[in-house]
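Given below, in the form of structure tokens, are the structures.
Two complexes come next, and they have one chain in common, chain A, joined by chain B in the first and chain C in the second.
Let's turn to the complex of A and B:
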């Protein structure tokens, strides 16, 4: 941020490139801070870090497609672009499919935090209590609008960075580098599955399509999006390496690897069992991501159905996400299994692949018919 | 309502307007005019005027005035320009204006046959002398604070900024009290839009009287728990804000000025920071931030850890706390709330008690009650330590209004900690952060420069950089000139050493 932006320009737009970066970082890292979905993709965990590396170009290409689309249609959100390119019927259908996937992600996030709390802290409290409270906080923030959520992300990102530093440095005394070997012992299957799985999670960057129209500089979206892909990938890479070194072959059987990593931390026999402290980062990041997705879903739904104000949709969305979180997943393990590439992850990848082709087709058709 | 040419009608109207109030003085004086002698009335409120000044500059001048050649039309102008020796005079022709001036301590001169009046500023009333402000004491720096007199307070500001750029605009609130409010800013630094916003908010004031509580009417978030305008009794603090491009509001009768826009870090800064080495100033700020977190979260954290997250404590400490809590009939949350409430009552009583006995009673009360609570098995020693540490930490924030918001929020954190442990505290923290992110002070985001991040403003918020390194004014208050003259250190040079 610098002094070259004048006041009128600042007030008209809502978020800065740094805030976009923070929002995307949190969006990507949230599934990592409690569980580590990549960890349960296979039993050949020592090759998973290669998957993270291989996923970078694909994730980057997908994210840049979203950015390029938003640059080509300034002021339009991703849902608006779908409506514009695919027409009112097909566009609405595609938009609803995308929103549906986001609502499922929202429900999964709610369930993840609630599940950990019930499993590890307050087993007597019904899971619905946690779900309802988290959803209420998300709806409260979503009703405040994108600006407070984006500003909140700057603070949450600082806390998240501290959490990662803590989680990556302190358990190093338990790390066993030999766990990383042998490489590619069972061929490329693990690596490919891991890559697809990671890319599946990176499709959440489509949310950038709802944020970019609110960016201060129309052409300023590339740097934060590219930065978020690289920074989050780097963190994932380091994180998976630490997890493999600490847990070795046990990794694939742990339901919440990050949670377990916090549990094994011990500093001078004084700071121990820090999973409760990690809860601060988990709750903050999940609440923020839930707020962002609630806001994006409400705005998207309003756009699809031509409702002028998205605010009245937010509370019903909160209820819907709680209901889905209660009924769709039986437990935490199932939650992460659902998003694996062998199950729901494949659907997710397929959806985004189809959407990408549909958008490109729509673009080509528009160019053909209008010459622009 | 226009003035009448009849003196008696005007005098009666004044008497009627003031309800024949005992302190309204109407002094009749015969003027030496021809062809007939005219009568003049000097109207003023007893006790609000400088009696000696009145006698010398108004009464005596009128009594010795020789106006044989003057006509009714010109007499007012002559009296105003050549007879009355009051520094600040003006002619008005509206009775309501006359009443308003008299109520403010001016004297009004009305002459028979003239439908105009002269009002002169002869105000003077008893005021408190300038003292060290009680609420924002510093070890170093000036020892003077604002008082209840508006003119004295403006003089204090002018002593610091001796230039024509310091602008003062008066507004009068309420049809009954007509309390003067001054909007002060530095032209050329404060943005015109901010000044206009300040003017608009003061113009929209529609209240009976406003000696206190102006902020409730002009702030952006009137229902927020946190104050969004900074109150200060220190002129140096107000001047610092003015030179950054902020507005200062002064209300007659109130020693506390309001600074707008105010952001979170300002509530954690003190004038002291600038009177110490910048390293020390930075350390002070970090200590206050730590104090803020301790004050807000410590009781809740204690309750959460002892109730839900015992694994966080090392075993010896856990055993020690468990041993202390053995025999305590309440759960940790009841114990915490009980001790917190007692501490708050002691603190409140300490403020209200007579100054001579207040500190003694609160100190003895705290010691005796704490000791007695432990002996009676109502509280554990660990809880007393937590409550005491929280209480001390809460005083670290220099702004009392901010301390009070934290005090209230602390109870919320303690209760959610008892219900849901760290999960509940984190969720409440998130809601608080979002609420603060949504808050603005005169359009400036309350959490600036952290959220939104403005790196160039960190040097006078997260840290206290050296004065010569502060090359710009806070960006998000949109000063006319972001860059400011900052100077640079002038060390002893070798060249000069040779000379």
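Let's turn to the complex of A and C:
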């Protein structure tokens, strides 16, 4: 698709189930390529893997709700469904809330890349340079439409998988399995907090609601979405286990666990100093996710305000996300708080819970009034 | 008229096409400016590659930092000046490590680059006051590596120790790194720790940190003080890794000697190899050397009536590497079994020596408390506050199971 994302073309673009799977996998794995928000939820790190396990059914239920909605309203995006179910006023309000959370996620992603570069790699480069470059790339890709982003995701997923494979295997000589014990030393509080934190990230799968209308096979959305929930959870599970085994009690003190893990790799004093591979992975994945969210936000905003062409909204969205990344997150700690379930994550979870209930209420109301 | 209009349109299209190409070319060429790097670029000729850093007690409650860097003109390229010392050092002081490190800039022409640092050496005086406050910089900085060795300089300022030279290695830190690695692999009498491991031990309840202690030995004034074509007095003193530093919390409280050091390694499961010397059965005064091939340990900690009962089971395999006399090891077979038994007793003796020393220093370096926490965290919660006295009074039982796999290339020793 070359050119504008106007209504006609928006309906024409198609993606394959594999591309949907790749986009969702990248969406979920991006937050752990740099930081690992779950790791700093608590200082009782050894129980965090249980949280990942417990989050699977909740995340699956939420993701399936999105899929079911899109199947019930074929051709409509999640924003379109909200407008349809909740009416023009409440629907617009709900849509704007959802888009607002996505724009904040977009800003947080930009800030995260800039933060790790400035904090650990290139300390003298101004933050705004990273933000502007990444946002420009995201806007450029978003203006080209969903199809190139989806095609890009296929390649990026392979690179990301290679990065994880490498990161999960090479530091095993430093792994200390005893770090995984004792289990539940301080009860379930840690585990529940961790579960909520993980589920909070899976609410980003709502983006599937913007992608499913473009799926080549209308009924083929379940497999890639369920597959993405299970595959990403499995990867997260193995990753958190390796992190606990390598860093033990230090895990909650590490700002960029994946980066730190890549730095301690030392195989036969030959394969060492591998963090540059991490940089490749985080720049690629963040660029792709930023492009996807820029596209989704622009298309969503166009739907909310009835604008026929989403393309003119993309550059202003890029500026907005850079401005938010600079002002909403004044420092790295604000970014950290945004991802934590005790602070920003709770708001995100609350929003998605309210939206889920609103949608279910809307469905019940429609059924009651129309009998369908 | 129409012809003129067409010509106009065609020429406009041609100009637009040319302009597009020109803009593309300019943009493509402008990318070249980005290839040289960014704001944070650091050129090689402005960097000093740190290979080791030493921390000592300075004056006025300051920390003295000695940074050892590679002298690139002495080691790199065809024009390398091999007669030069391959390293140079900068010393500075500050109230914090970061300040002291930054203060090196008023004495150094190169900015220190930490990614290749092999060793962090801490002086004994500073270690006795506590190493905790000095680790944060190394764990936080973007260039330093968590798997750098953290060692303690015994009886000599750390800044002096990292300058002690080796005959076979031009850069002391490289020599030191090789020395530590070889000593750990071949002797198992010291257990050097990385920065990451020490930090974990400091945070984990029920285990106290340990690491290798390094000192200097005098090779004697009669020996030539020559390294290659260079004659230097420093070469008279060479480093040795001969002890294990024992901490309580973050404070150094004592040392394990070589025997205790290996006893400690048996308990922590860090034995990789080593030589055990035992008496040849039935031949008074004769010695045999057994090479440790493999070792595994099993550790169980239980609380019984308020008393910690610790079971250490060692399973090890060795090989006879040397015997001064031939006691007829093949026939009768009892001699071979007696040798195994002597091997067992030697291992148990080393372990008990280490346990006694740790109890004397009142430091649970073996992680018995951590083992109890892992297996029974409810009991650990009850005893953790009084663990110091529980550890001192713990009953330690050692069971050693040995096997001798072979006697290398010989079936008997020389008869003379």
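In the analysis below, the second predicted complex is superposed on the first by the 358 of 372 C-alpha atoms of A that agree within 3 Å, B and C clash if a C-alpha of one lies under 4 Å from a C-alpha of the other, contacts with A are read in each partner's own complex, and residues count from 1 in each chain.
The working rule: a residue touches a chain if its C-beta (ideal position, glycine included) is under 8 Å from a C-beta of that chain, and two chains touch if they have at least 3 such contacts.
All figures in this text were calculated on a predicted structure; none of them were measured in a lab.
Peer 1: When the two structures are overlaid on chain A, which partner does A:273 contact: first (chain B), second (chain C), both, or neither?
Peer 2: both
Peer 1: Once chain A of both complexes is superposed, is A:18 in touch with chain B (first), chain C (second), both, or neither?
Peer 2: First partner only.
Peer 1: Between chain B (first) and chain C (second), which does A:137 come into contact with in this model arrangement: first, second, both, or neither?
Peer 2: So A:137 only meets chain B here.
Peer 1: For A:288, decide between first (touching chain B), second (touching chain C), both and neither.
Peer 2: The first partner, chain B, only.
Peer 1: Which partner chains sit in contact with A:260 here, chain B, chain C, both or neither? Use first/second/both/neither.
Peer 2: After superposition on chain A, A:260 lies in contact with chain C alone.
Peer 1: Between chain C and chain B, which one touches more residues of chain A when both complexes sit on the common chain A?
Peer 2: Here the partner covering more residues of chain A is B.
Peer 1: Who does A:122 touch here: chain B (first), chain C (second), both, or neither?
Peer 2: It touches chain B and chain C both.
Peer 1: Just to be sure I read the superposition right, which of the two partners does A:151 touch: chain B = first, chain C = second, or both, or neither?
Peer 2: In the superposed model, A:151 contacts chain B only, not chain C.
Peer 1: Would you tell me the residues on chain A in contact with chain B in one complex that are also in contact with chain C in the other?
Peer 2: 121-122, 125, 273
Peer 1: Report the residues of chain C in contact with chain A in the complex, numbered from low to high.
Peer 2: Checking each residue of chain C against chain A gives 38-40, 115, 139, 142, 145-147, 196, 199-200, 203-204, 370, 373-375, 377, 380.
Peer 1: Tell me, which parts of chain B touch chain A in their complex?
Peer 2: Those in contact with chain A are residues 191, 193, 305, 308-309, 311-312, 314, 420-427, 429-431, 433-435, 437-438, 443, 445, 447, 450-456, 472, 475, 478, 482.
Peer 1: Which part of chain A faces chain B closely enough to touch in the complex?
Peer 2: Checking each residue of chain A against chain B gives 1-3, 7, 11, 16, 18-19, 113, 117, 121-122, 125, 130, 133-134, 137, 140-141, 144-145, 147-149, 151-152, 154-156, 269-270, 272-274, 276-277, 279-280, 282-284, 287-288, 291.
Peer 1: Please output the residues of chain A touching chain C within their complex, sorted ascending.
Peer 2: Listed in rising order, the residues are 119-126, 129, 174, 178, 181-182, 185, 247-250, 253, 260, 263-264, 266, 273.
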